[in-house]
């Protein structure tokens, strides 16, 4: 069973590394969005420090959402998705493999680049660590829930816009507690504990339920 | 005696039944709304004292709260019919879900509009991210998502089932979304219980408000059934029974 | 090649379809369609464009949920079997189902591991050379021609041990000797006791086993079967 | 009667809320009525165009219209 999971995972990663540009576009989109805000909002230090967590999280939301469209689209176009549905393996497991690969390629780079970006917002070092931890727990949830939307809007014209319309309301809890954790850490580090409990709960819940929902959505889309 | 529910599940069987119910629900709705308005405007005090003093603008409660309740109730109905449709694969359940969505979206918009108009005099701004109004806003996005996804897919079969799955995922997420909005800071989560839950409202205001709610509830039955009949006709156009229904009704 | 002389008596009933009905959007494509597919049988599905051939094949392999009727594989409804049925099935749709950025070798290795009978590299190389692609094994398939891409997909037929093949227009975009090879592969599959359901516009000669013709879109009885001219 | 309409100076808010509510519901009723009428006419035209269909398992295909439809 696990061998199949790794097979899908390694396939997607080798595929993505053969087209390196796709990976970088998401990363640069994230960096651009984050660096746009100070130009718009003004670069006064105290304001930026207060604004930082929210802006970084919204940018992470948008970046991971834009990258979602490619999750199933390539396989849908060349027929491999049909074959995935017809393998002798539970579809939810294959979907989980694809989502983990997608997260490693788009979510993880966001987490690693976060410190660099957080400096633009003069965040303290503890805030940077808390942000990295929150992003590390939060971005997989974004990929998991987003996979359901990607499966639902498969093959639709204008699917990208529709995907954001469907999925962004579902991202609200991760955004609220992700950004909340970082802004609370500036006041009192111990207070961030309940935030991480909630984020981890979202991660566990969505990693269990989201693949099942995405698999059902794929079966519906490929009918 | 087991009632064969599936007998009613066929669109052809349900079409005439819905047709007979619509005028009945419409009249009941009109009566209830008129009674509620008359009671609310003429038989109650002009101003509210007590813990949360309000002037005449409190009367917006007669529309705001029923609309908000109806918006949440109709989303449950939407998700319920979607689940039944996915499990039993009955086409009528998907049609019912599609018929409920626009009415639900209208009630959500009304709840937001009346909430903002009530907020201006009592809080001083139209919008102050009050947890209840924000939850209504997100419920509105869920409705719009359902309608947008359904209309974006051409094949009706896939559209029904995809939108149904979205409604169910939305339903599972609603408590989590409402939690994260009502209680953004888990350390001190006082905001969870509503500031003025229905219990504390004065009886003479509660009664008209409940009558209005029942009125809007019966109105939504009529509206949903009317839209459902149109959907049934469009989708079953190539069935035999539709042609004689058309012949009868087009001339009438 | 010794043509084994076996009477295709329906001893081992593989696929049993009873009063199947499918709809595309709001249009009813076919209804009350019943037929059986015993072992060693080729079912040749025919019909005009739009008569529901592809829909029927997708319903048979479980991708599409039929509106009415039941499909049983060895007596069990395919919806309950789910993954087990998929293991016994090989579906070949209009799309090749291979990744353009991966080489032929990688595509086939991944396909076989997913079907849970991982074959070693040289079996794959042998299959690719038999299909006429030696020397092209480790080239990304996007560099191959349309016909060669289809051959890479066809190589899966050689490697597959699935008893049931469902092929949708397998002969399109194939040149003459690829067509012969495919016909040979199908004949071998039927000869070793498997069943094949396919849609095509040309004849598929068999060495043994029975051919069933299933024509969609005609009001008359859609199923007619005849045995091959083999000596038995 | 006048003070009823002024609602203690908050007429704008009260009637803004009530007006939007019942205005929107009225619009929905009218929209439902008109969409029903257009659907009825569209389908009756469709049925008149389509020749009487052959019964049988075949899909509902047009067999060509039988002469000009009056």
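We call the chains A, B, C and D, going by the order they appear; numbering starts again at 1 in every chain.
Everything that follows uses one rule, which is that a contact is a pair of C-beta atoms (placed from the backbone, for glycine too) under 8 Å apart; a residue touches a chain by one contact, two chains touch by 3 or more.
Because the structure is a prediction, the values reported are computed rather than measured.
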Seminar exercise, completed: When A-B and B-C are ranked by contacting C-beta pairs, first place goes to A-B
Exercise. For subunit B, which other chain has the most distant CA centre?
Worked result: C
Exercise. Once you find the CA centre of subunit A and the CA centre of subunit B, what distance in Å lies between them?
Worked result: 32
Problem set entry | Approximate Å spacing (C-alpha centroids) for the pair subunit B, subunit C | 49
Problem set entry | subunit A and subunit C, separation of their C-alpha mean positions in angstrom | 39
Exercise. What whole-Å value do you get for the distance between subunit A and subunit D if each is reduced to the mean of its CA atoms?
Worked result: 42
Problem set entry | For subunit A, residues contacting two or more additional chains | 223
Seminar exercise, completed: Residue ranges of subunit D touching at least 2 other chains are 60
For this session: Give me the residues of subunit B that touch two or more other chains.
Result: 155, 157, 237-238
Exercise. Which part of subunit B faces subunit D closely enough to touch in the complex?
Worked result: 41, 46-47, 55-57, 59-60, 63-64, 67, 102-103, 106, 109-110, 113-114, 117-118, 120-121, 219, 223, 226-227, 229-230, 233-234, 237-238, 242-243, 246-247, 249-250
For this session: Report the residues of subunit B in contact with subunit C in the complex, numbered from low to high.
Result: 89, 154-157, 235-238
Exercise. In their shared complex, at which residues does subunit B touch subunit A?
Worked result: 138, 141-142, 144-145, 148-149, 152-153, 155, 157-158, 161-162, 165-166, 168-170, 172-173, 176-177, 179-181, 184-187
Exercise. Along subunit A, where are the residues that touch subunit B in the complex?
Worked result: 148, 152-153, 156-159, 162, 165-166, 168-170, 172-173, 176-177, 180, 184, 191, 194-195, 197-198, 202, 209, 213, 216-217, 220-221, 223
Seminar exercise, completed: Listed in rising order, the residues of subunit D that touch subunit B in the complex are 4, 7-10, 13-14, 16-18, 20-21, 24-25, 28-29, 32-33, 35-36, 39-41, 43-44, 46-47, 53, 60
